[in-house]
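Just below sit the structures, each encoded as structure tokens.
Two complexes come next, and they have one chain in common, chain A, joined by chain B in the first and chain C in the second.
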Partner chain A sequence: MRGASGLEGQQTTAKRVQFSSPFLPYLFLAPQLAIIFVFFYWPSVQAIQSSFYLEDPFGFGATFVGMSNYTDVLKSTEYLGIARFTAIFTALVTFFALSIGLLLAVKADGVIRGNATYKTLLIWVYAIAPPVAGLIGMMFFNQHIGPVVELARWFGWDMKVGLDYSDTAFAMIVVSVWKQIPYNFIFFLSGLQGIPVSVREAAALDCRSEFRRFWTVILPLLAPTAFFLLIINVTYALFDTFGVIDVMVKDKAANNPITLVYKVYMDGFRGSDLGGSSAQSVILMLVVLVLTVFQFRFIERRVHYS
Partner chain B sequence: MAAIDITEVSKIYYGGVEAVKSVSIDIADGEFIVLVGPSGCGKSTLLRMVAGLETISKGSVTIGARLINDVDPAERDIAMVFQNYALYPHMTVYDNFAYGLRNRKTPKAEIDARVAEAARMLEIEPYLDRKPRALSGGQRQRVAMGRAIVRKPAAFLFDEPLSNLDAKLRVSMRGEIKRLQKRLGTTSLYVTHDQLEAMTLADRLVVLNGGMIEQIGRPLEVYHAPASTFVASFIGSPAMNLVKGVLEGGRLHIGTHAIDLGYPTPAEGPVTVGLRAEDLRPAAFGEQALAFRVDYVEELGAQRLVHGTVDQPLTASLPPEAPLADQLAIAIPTNRLHFFSAENGKRLYRPTPADGSTNAVTGVATVAAPAGRHAVNLEPIA
Partner chain C sequence: MFKTISLTAIALAFSTTTSLAATNITWWHGMAGRNGEVINEVAQKFNASQSACALTPVSKGTYEEALASGVAAFRAGEQPNILQVFDAGAATIINAKGAVIPAEDLITKAGYSFDRNAFIDGVRYFYADADGKFVGMPFNSSAPIMYINDEALKKAGVEAPKTWEEFETIAPKLKEAGFIPLVQSQLTWQFTENFFSRNNIQFATNNNGYDSVVDTKLKVTDPNLEMMFDKLKAWKDQGYFAFYGAGWNDNQKVFEEGKAALWIGSSGSFGGLQKTATMPFSATFLPYWGSIKGAGTNSFIGGAALFAMSGKSDEENKCVADFFEFLTSPEIQYFYHKSTGYVAITKAAYELAQKDGYYKEKPVAEVGIKQLLLPAGEWSKGYRLGFYPQIREIMEREYGRIFSGEATVKDALETIETEGNELLARFAKTAG
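Let's turn to the complex of A and B:
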């Protein structure tokens, strides 16, 4: 984005639209701003505010408690354990969703005949809503009829999803990755198709090894897409896997792995500890902020935008 | 450096479309061959088959006596310059040059030396650290050339490398390509749809039409003795006038006109007559001439293109000082006429050299026989 100065700057000036009234642009922006305000800024401000209060579980009043919600959360070994699981979960889901999506896109891109069929088959999983994906995933991992469980048993692995911590974690990661692959696939595929054919051909004349060509020419040219997907996937793993986790651990969270977002929900709506829950969500907000800044500062630098 | 033999090569796509039909060209070591023809004539397909970017459906291609039909493109010892340059956008100019060498395990010192040499030759030394994005069209074109040069391949393949440049740059780059190729002596195969580019660059040019070779020859041979009406109308600007006429007893009839040729005619009956616009001139008094009705005039400065009709459309290129009128008497130099069969458009060759004068046309016409294999080697004209 920083690289796109110079020429493109001039083009935007040339395209600039003149409004008759200086308020008109704001009027056009108003609906979007209203939505962002109502659904993002307002709740954020409320969360920050209530994170400093201890709320009565029945809504009769709130007591100002300063930072104690935060210190309670950060001192809790349970919370730190969940944080560690969330980090591992996010890293694994992002890594596998991106790499499998990329692998499928590269392979589908190489198919010449019937590739529309391939693409459709790979894309339509994305049309499934997260709770439904969670349900289908649960069925895969069902104790009695789940094909994955059966397969695991074949290898001598007695899988107990919903009872055993690591088995549940495994199922969660698999279903979350499975759900995200089509999204990554679509973007990687369109990214691949955006690479000029002649550049690939030039590379084919310059380098015999297809594998090496992929690492030295194709992947660097896919970097903008990959960087965008990295941010999207991290966000997905942190927040959007809620539905999957909810379906998998509902009512029996006791010994099951959950992520920070689910913990926020559990404490706030099940445990009625709105103050502690708000403090957690503020912490989560800060973590995501730092992560995003880090990604833009240190990873985007290596991305070439053509 | 190597000779390239293309023998009865065909390209047949899925569904039976034949883009290239049994084409044979023998390219000598160091020769500059230009494939020219309208779009869809199969010239790019042929080039891409030599490069290995398309499979060869039938026939064989050898580079330096090595059959390369099934050789990987990277192993064919060729370098290609693409129409849109196809530079690696994420690499600096230096890395663009070095990429092919690194993949071939060339030592670092050698890469440095070769890149430096190519950059000096192309005068792009100051830009080695830049990305292609930061270069102008002409500079990118040079980088694309440089990337081919550093490889020191057996052959250069050019796929319309100049068509993305503006007219002025195209002329100067054209000269540069010719100069570089002469200096390096590398066998080159060059594809273009621009007949002027073909004429100026080629040692020999190959005119393609509908996937088949119409003619192979030195630029002036092709210009002075086009093998068919297609070549006649394609090579040369303005295009050669092609009018219907009838040969009868040593006389040529065009419409109501009859012209004494003064030499044995190549055929009797209806023919297509080719007249170069620059061979036409205002008739002197008493000379046999065509009555030419002028429609409109294009002023080109050095010459003047006069479009009109002699019962069929005709264009004459006249000197600007020649007087203009609505009706002109136009003289035809009879020994510079081209005759083509009215049925298939093939050139009709004169039975014997007409008058033995210093006439390039007759000299060529007798040798450029329409042989099955087109690699006719001729002495240079002049």
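Let's turn to the complex of A and C:
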């Protein structure tokens, strides 16, 4: 950040772009602003508004109910249970997707012969759409024919995905992590390749332990990439895993674990309870807001950007 | 999701190629597989029978998704002419006064006569208002029935049970013969809503919710229902009952493969089962408890009805009325009944099927309608409960917990009652 803004400062003194009319820049900005307004701000305002109302599904009338949609949601033990699961799910998915992605990147970076093949093989999974990933995962974990279930039986684990809460949670985490590894892999790999050879060589002279070199030299230099990926992975686990979950619970959540976003969908779209569902999405908006502020305030400061 | 999108695209492509002179009407439904194909065939037959109207059916995925799409489209002013709404969504759409034109009004306005008595008894009340006026046009009507793996029963040397007591006596023999004695596909519809119908027990206050939305409360902590689930749990532990989750097909599959002896399915499963079952099968009524006084009444109508959405032009509404008339004609009813297994909803169609000798050839096809025609009881006509799709989700969750050992039957039913009553109170506020 610091480096980038310094560069900008130089450019502005050297070459200042001038528009013939003061309104022209706004005109250029207008399409982007319109999109942001229509697709982000307007729905958010509507969600906040309808979270204070109880509305009939077809939109014939709404009654103002104050905060009661919020208190109903926050009093519900079911909702709190889903929130707890979402937190654990997000932490596990983020941790495993990042660490496995990093491990693979480090190893692929070390490979000299045939490294293009390795890289392609590791990256292609990223091209799979989440519902397709969910479908493939569901086949792997199918109660009747799933190979993973067969394998688990070998080890004496009677896996019942769709019936047993923790087995389904396990399957969801595995599929979600698997889906996200290639993305992290690409970024870590390019991050590793951006570390100057001179730094590596200097480190190699000073320290024999490869593991220690990694912790003290390589990893700090990778920190900006890791920080960026952390945010991306948390939002992925919170929101983009919807498709995986939807396919895995097959339209019937029953006693299977679900995340907060899926609960918003179930109550709002399936259950036609717009007020309650809006309150839930406002709560989610606040969670994301707090998370973003926290990350930029406290974590970003400790990250060293070269 | 992808399927829905591609089907919509195909439907759109078709709708632009149909004749320009005709009035276009759309029909959103929640049927897939063979039953979805039959809907297209029905629409083709209607389009071929006349030239004034062109009907385009669009699959919206599942029942729940069809209702959700219909609600969202109505709010945006883009509603289809006809929306298929399933039994559990009936209260949502019937209580939304102004969202639909009652089918009976639509048909009489178009100049046709409407005779409520032409419909078989079990069908007549579920989608009607308090005065008995048809709000929805019953379409695919089904009853939960018990399918029988003939080979399994022969091998075990037992007869199909009429009551759950009889099931308890034959279950060990079926297990010994190497079969899963019992599977089912929907605990909410088959072992809750129809449990109350078949055993003639009250499901909710306010006359099962028909009289008013205000202060309606569930009565699922009924000791008889608790006994039913205690038994199911015990049967599962003894290996007499297997449960594969809330998904319909996961449970049907073991029956299709000939591994299970008895399967509680839908009369509407017959069409598909004829193609997928790997063994000869028959069917009989959903069992009841001989020990419950007054049990053995009819089951209420399941499946779905068609609703004519409001806010459409008179020409389009006339076309919808024409289509409803076409749909209830004995020939089309008979065709639909034969192709899918859903029961014929008019007496004339039932008589036509009898006269044609269809039930001699396929006795399974008559089981559903016979069960609907059993003597009715005070509590056998079904329910009208708001936010019911969500209440079903709570039931699915709690029933899942019973079988995974996370909750006791008593606790699960209490949770359903508490959370369900909260939803009913919410619904009363939105409808009020």
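We take it that the second predicted complex is superposed on the first by the 294 of 306 C-alpha atoms of A that agree within 3 Å, B and C clash if a C-alpha of one lies under 4 Å from a C-alpha of the other, contacts with A are read in each partner's own complex, and residues count from 1 in each chain.
Convention: a contact is a pair of C-beta atoms (placed from the backbone, for glycine too) under 8 Å apart; a residue touches a chain by one contact, two chains touch by 3 or more.
What you see is a predicted model, and the numbers here were worked out from it, not measured in a lab.
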- Message: Which chain, chain B or chain C, ends up touching more residues of chain A in the combined arrangement?
- Response: C
- Message: On the A-aligned overlay, A:150 touches which partner chain: chain B = first, chain C = second, or both, or neither?
- Response: neither
- Counting only touches as set out at the top, which of chain B and chain C does A:205 meet: first, second, both, neither? first
- Message: After the superposition on A, what does A:58 contact: first (chain B), second (chain C), both or neither?
- Response: second
- Item | Residue numbers on chain A that touch chain B, as the complex places them | 196, 198-199, 201-209, 212, 216-217, 220-221, 223, 304, 306
- Task: Would you pull the chain C residues touching chain A in the complex into a rising list?
- Result: 1-2, 62, 64-65, 67-68, 71-72, 74-75, 92, 95-99, 243-247, 250, 253-254, 387, 389-390, 393, 396-401, 403-404, 406, 419, 422-423, 426, 429-432
- Item | Touching residues on chain A, where the partner in the complex is chain C | 54-60, 63, 65, 72, 78, 131, 143-144, 160, 162-165, 250-256, 266-267, 269-273, 276
- Message: Under the stated contact criterion, what part of chain B meets chain A in this complex?
- Response: 51-53, 72-75, 78-80, 82-84, 86-90, 99-100, 103, 131, 133, 147
